[in-house]
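The following blocks contain the structures, represented as C-alpha cells.
In the two complexes below, chain A is the common chain; its partner is chain B in one and chain C in the other.
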Partner chain A sequence: MEVLQLLVSGISQGCVYGLIALGFVLIYKATEMVNFAQGDLMMLGAFFAYTYLNLMELHFLVALPLTIFTMAILGAFTERVMIRPMIGEPHFSVLMLTIGLGFILRAAAGAIWGNEPRSLDLPYAGGVIDLGGLIIGYENLVIVIGTAMLCTLLFLFFRFTRLGIAMQAASQNQLAAFYVGIPVKRIYSLVWAISAGISAVAGILVAPVSLIDPLIGFIGIKAFAAAIVGGFGSLPGAIVGGLIIGIVEQFAGLYLPTGFSDVSAYVILLVMLLIRPEGIFATMQQKKV
Partner chain B sequence: MRFIRKTHYKQDIQLFKHEGQVFWYGLLAAGLLAAPFLLSDFYLGELSLVFIYAIAGIGLMLLTGYTGLVSLGHAAFLAIGAYTHAYFLAQGWPFLLSATTATLFTALIGGIVGIPALRMTGIYLAVATLAFAIIVEQVLVHWESVTGGFRGMAVELPAIGALALDGSFNFYFLCLAVLVVSLWLALNLLRSPTGRAMTAIRDSEISAQSMGIHLAYTKTTAFAISAGFTGLAGSLLAHKIGYLAPDSFTLLTSIQLLLMVVVGGLGSLHGVIYGAIFIGFLPQGIAVLRDTLPSGIAQIPGLEPGIFGLILVLVLIYEPLGIYGRWLKIRSYFEAFPLYRKAMHKRQRSYLRTERLR
Partner chain C sequence: MAVLELTNIETYYGPVMAIRGVSLEAKEGEISVLLGANGAGKTTVLKTISGAMEPQKGKITFRDQEIQGVDPDQTARMGIAHVPEGREVFPFLTVEENLQMGAFSRGDSEVQQDMEMVYDYFPVLAEKAKQQSAYLSGGQQQMLAIGRALMLRPSMMLLDEPSLGLSPRLVSEIAEIIERVNREQNMTILLVEQNAKMALDIGHYGYVMEVGRIVMEDTCERLKSSQDIQEFYLGVKDEGVRGRRRWKQRKTWR
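Right, the complex of A and B next:
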C-alpha cells in the first residue's frame, strides 16, 4: 500500500513536470529554440491565477480561461520583443537569452506580488478519495486528468489541424516553409502563446500541491531534465519523462538517504545522456553535412 | 590603420603583434603595479576579486568562447577548487602545493565530466553541466565530514613559506601574478596546435574532423583545461571570501560566469577582462543605483539578478560580440574614418534547418 501511495504522488508530481516539459517541447518542436524560462512562465501563470482568484475573487471557471489568455498574450509579446530579433542566431544565444528572461520574470514577480509563499483558493483543493486505504487528493486527481486532456488536445492539434501541420513544417525548414506560404513569424508567436498558456495551466495545477512564490520556477530545470529523458521534441516523451522523474523522486525520498531525492532527477538525466542521449522517444539524429 | 609587414612565419604567432601593443600593455602593467600604492584597501579588494573572476573567466572562455561548448555549471568547478584547496590547507599542506593539487584535481574532474560531453552538443551539454553543478552543490551540503555542510568551512590564511599573503596589499599581488601567468598560459595554448584545434571545432566540428582533429581528445582536453583554470580561481576565491559555504556556489554563480564571458565578448581574452571588470563592479553600480532610485523600487529583493538578466538580454540582442566587439567597432570607425560603413560588421543571418530528420 505504501508503494502504491508513493506511486500515486509520484505520478501526480510527474504530470506537473510533464506539463512544463510539454511547454519546452512545443517551443522546441516548432522553432527549435530552447526556452529556459518555461518554469518561470509557469510561476507567472500561477501568480496571475492568484490575482484573479484570490484578489479579484472571480469564479474558477472565469479565472482559468482568463489566466490562460493573459499568459498567451504575454507569451506572444515575449516572442515578438525578445525572440524574434534572435531568429537565425545560434541556439546558444537564445538559450542564454531565455535564462536572462527567467531572471527578469522572477525579479518582476517578486516586485509585484512579493516573495512570501501564497496559496491559491481553488474550489477542489483539500478533498480526498479513499480507495480502500489508498488516499488520493482531489488536487492530484485533477493534475492527472488535466494533463491527460491537454496531451490529447495537443496530439490532435498537431496531427489533424492545418495550423499544427504548418507548425511542424516551420520547425523542419524555416525557409522552405516560408516559400510554400506559411507565415513563419506569426506561427512563432502563436507557438509561444500556446506554450505560455500550457504553463499557465501547469501553474494552476501545481499551486495546491506546492505554495506559489517567485522561486517555484526552478522546478522548470527538473522538467527540462524530463523533456530530455523523454526525447526532446517528442510530446509523449515529455510526459513519460516527467512521470519517470516524478516517480523515481518519490521513491528516492523514502528509500535513499536525504539529499538523494533532490538530485535523483539530475542523476537520471546524466545516466540517460550517457547511455541514450537522444532520449526514449528519439527525434534527433546526427546532423549530416 | 596599421599594416604590419610580415617577413617571417613566426610573426603570425608572436604574443605582441607590433611595438604599439608592447607600449600600451607595458603602461597597463605599470599602472597595475602602482595601483596598490594609490588605491584604498576597499578598491584593492575589489580589484583582487576582479582578477579572480578573470581567471575563472579564462577557463570558461577557453571552453565556451574558443571550443564552442557551453557550460552552465562552472560554479561547480569553482567550488571543487575552493573546497579542495581549503581542505588540504586544513591538513597542513603548504599553500603552493595545495593550490596546485586543487587545480589538478579540478582539471581531472573536468576531464571526467567532459567524457560524456563528447556525445552531446549544444543544449544537451549545457543541461548536463547544469545537472552536474546541482549534484555537486548537494554533495557539498551533505558530505559534512569534508565540507562542513551548511555550517561551512573556514579557510586558513594564505602564506608562501614565511611570507604571509593575507592583507589586501599582498593578496592583490598574489591575484595579479596568478592572473598574468594564467593569461600567458592561455595565450600560449591558443597559439599551439591544441588551441587551434579547439577553435576549429568551434567553427565546424565536421570540417575539423575531416582535417584530422581528434574530436574526443580535443574536447576532453578543453574541458580539463577549462576546469583547471576555474579550480585555480576557486582556490584564490576561497581566501577572498574566507569562509566557504555551499550557497556561494549556486546556479546564479554559474550564470554570472557565463554572463561575464558573453558581456565581455565571446572568443577573445580581452573580453574576459572586460567582463570581469563589469561583473566585479556591477554590484557597486547597483548599490549606487539603489541609492538614487525611489525607495519603493530600490527595496525590491532580488533586484540584482533581475538586472543581471536584463543586461544579458540586451547584450545578446543588440551586441552579441559584447564589450570587446563594441570596442572593435569603435576602433575601426576611427581607423577607417570617414569611410566606415555599418555593414562592415554586419552579422550574417542564417536560416534554420532542423537537426531532426523526419
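Right, the complex of A and C next:
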C-alpha cells in the first residue's frame, strides 16, 4: 500500500514535470531554441491564477481559462519582442537571453506579489478519496486528469487541425514551410503562446500541492532533465520523462538517505546520457538546415 | 510581357558577394532557363526572388510590385511558388498532408480538386498518399515538392535543379511534366538547371551564369547551337581560376 501511495504522488509530481518539459520541447522542436525561463513561466501562471482567484475572487471556471489566456498572450509577446529580433544570432545568445528572462520574471513576481508563499483558493483543495486504504488527494487526482486531458487536446490539435499540421511542417522543414506560404514567424509566436499556456496549466495544477512563491520555477531544471530523458524533441517523451523522474524522486525520498530525492533527477539524467544518450523516444528527425 | 524582372541584384552571404549585379526577366507563359556550373549563384538568385534572402542592392518586380526583401511566405501568397533544390518535403507528414500544406494560404474550396490534378500529373503520389514522405524515393520526393508547389495555385514557379540526382528516365519524366504544366496552365516558370540539355530542350529563353554574373543570354534555340554552350557542357568541368579566365576572354560571352 505504501508503494502505491508513493506511486500516486510520484505520478502527480511527474505530470507537473512533464507539462513543463512539454513546453521546453515544443519551443525546441519549432525553433531549435531552449527556453530556460519555462519554469518561471509556470511560476508566473500560478501567480496570475492567484490574482484572479484569491485577489479578484473570480469564479474558478473563469479564472482558469483567463490565466491560460493571459500566459499565452505573454508567451507570444515574449517571442515577438525578445526572441524574434534574435533570429540569426548564435543560439548561445538566445539561451542566455532566456536565462535572463527567468531572472527578470522572478524579480518582477517578487516585487508584485511578494516573496512569502501563497496558497491558491481552489475549490477542490484538501479533499481526498479513499480507495480501500489508498488515499488520493483531490489535488493529485486533478493533476493527473488535467495532464491527461491537456495531452489529448494537444495530440488532437497537432494531428488533425490544419494549423497543428502546419506547426509540424514548420518544425520539420522551416524553409519549405515558408515557401508554401505558412506564416512561419507567426507560427513561432503561437508555439510560444501554447508553451506558456501549458506552463500556466502546470502552475495551476501544482499550486495546491506546493505553495506559490517566486522561486517555484526552479523545478524547471528538473523538467529540463525530464525532457532530455524523454529524448528532447519528443512530446510523449517529455511526459514519460517527467513521470520517471517524479516517481523515482518519491521512492528515493523514502528508501534512500535524505538529500537523494532532490538529486535523483540528475542521477537519472546522467544514467540516461550514459546508456542511451538520445533519450527514450529518440526522434530520428534530422532537421534540414 | 515580363512577369518577373530583376534589375542589378546584388546578394551577399555575410561579407561574401554571391550575386554580382544580376538582371533578368521571365516572360508570361514562358519557361525561362538559368544555367550555370555549381556555385555560380543560381540558387541564391532564386532565394533572393522568393525572399529567403534579401538583396543588398537592386530591384525585383513581380507583376508591377516591388518584392525585394519581402518574406518568402508573403511572396508565396502573391503567387510565386519556389521549389527549392534537394527535395525539401515535410518528411514526417504524409504525402497527402504535404499537398494540403501546399494549399495552406488558400481559402477556397477547390483544394481537393487540385489534389486530384496533382495526382493526375504524378499518379505514383496517389498510390502513396497515406505514406510518410520520408519513405519516398528521391524522384518521388521531387514530384511531391513540385506537386506541393502546384497546390499553391501559383502564377509563377521557381524550380531549382529538379533533375538533380535523378535517373535519365526520371529526368525526362520531370521535364515532360514541367512542359505540361507550362502548356496546360500557361505557367510562367524560371527553371534553374545544371542539366543544360534538358533545360534548353524545354525552355524558351535562357541565361548563363558564372560566378555571380549573367555572362550570356539568348533564346534556348540559339543557346543550344552556341559553340560555347556545347563545349562548356561537354566536359569542361574545371572550375579553376584558369578555366574562368579563359572563358572571360571569349568574345561571344558578352
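What we mean here is this: the second predicted complex is superposed on the first by the 283 of 289 C-alpha atoms of A that agree within 3 Å, B and C clash if a C-alpha of one lies under 4 Å from a C-alpha of the other, contacts with A are read in each partner's own complex, and residues count from 1 in each chain.
We take it that a contact is a pair of C-beta atoms (placed from the backbone, for glycine too) under 8 Å apart; a residue touches a chain by one contact, two chains touch by 3 or more.
Computed from a predicted structure; not experimentally measured.
In the superposed arrangement, does A:A166 touch chain B (first), chain C (second), both or neither?
A:A166: touches chain C, not chain B.
Who does A:E89 touch here: chain B (first), chain C (second), both, or neither?
In the superposed model, A:E89 contacts chain B only, not chain C.
If we overlay the two complexes on their shared chain A, which of chain B and chain C does A:P183 touch? Say first, second, both or neither.
second
Between chain B (first) and chain C (second), which does A:L175 come into contact with in this model arrangement: first, second, both, or neither?
After superposing on A, A:L175 lies in contact with both chain B and chain C.
Give one of first, second, both or neither to describe whether A:I221 is in contact with chain B, with chain C, with both, or with none.
The first partner, chain B, only.
For A:G110, decide between first (touching chain B), second (touching chain C), both and neither.
first
Looking at A:D262 after the superposition, I want to know if it touches chain B, chain C, both of them or none. Which is it: first, second, both, neither?
So A:D262 only meets chain B here.
Where on chain A do chain B and chain C both make contact?
Chain A residues touching both partners: 172-173, 175, 285.
Which positions of chain B touch chain A when the two form their complex?
Going through chain B, the ones touching chain A are 70, 72, 116, 119-120, 122-124, 126-128, 130-132, 134-135, 138, 141-142, 206, 255, 258, 262, 297, 300-303, 305-313, 316-317, 320, 349-358.
For a test of understanding, state which residues of chain A touch chain C in their complex under the given definition.
Chain A residues touching chain C: 162, 165-166, 168-169, 172-173, 175-185, 285, 288.
Over in the complex, which chain C residues touch chain A? Could you list them?
Going by the criterion above, the answer is residues 50-52, 71-73, 76-77, 81-84, 86, 88-93, 97-98, 100-102, 104-105, 145, 148-149, 151-152.
Across the complex, what residues on chain A touch chain B?
31-32, 34, 82, 85-89, 91-93, 95-97, 99-104, 106-108, 110-111, 115, 171-175, 214, 221, 224-225, 228, 232-233, 257-259, 262-263, 266-267, 269-270, 273-274, 277, 283-285, 287, 289
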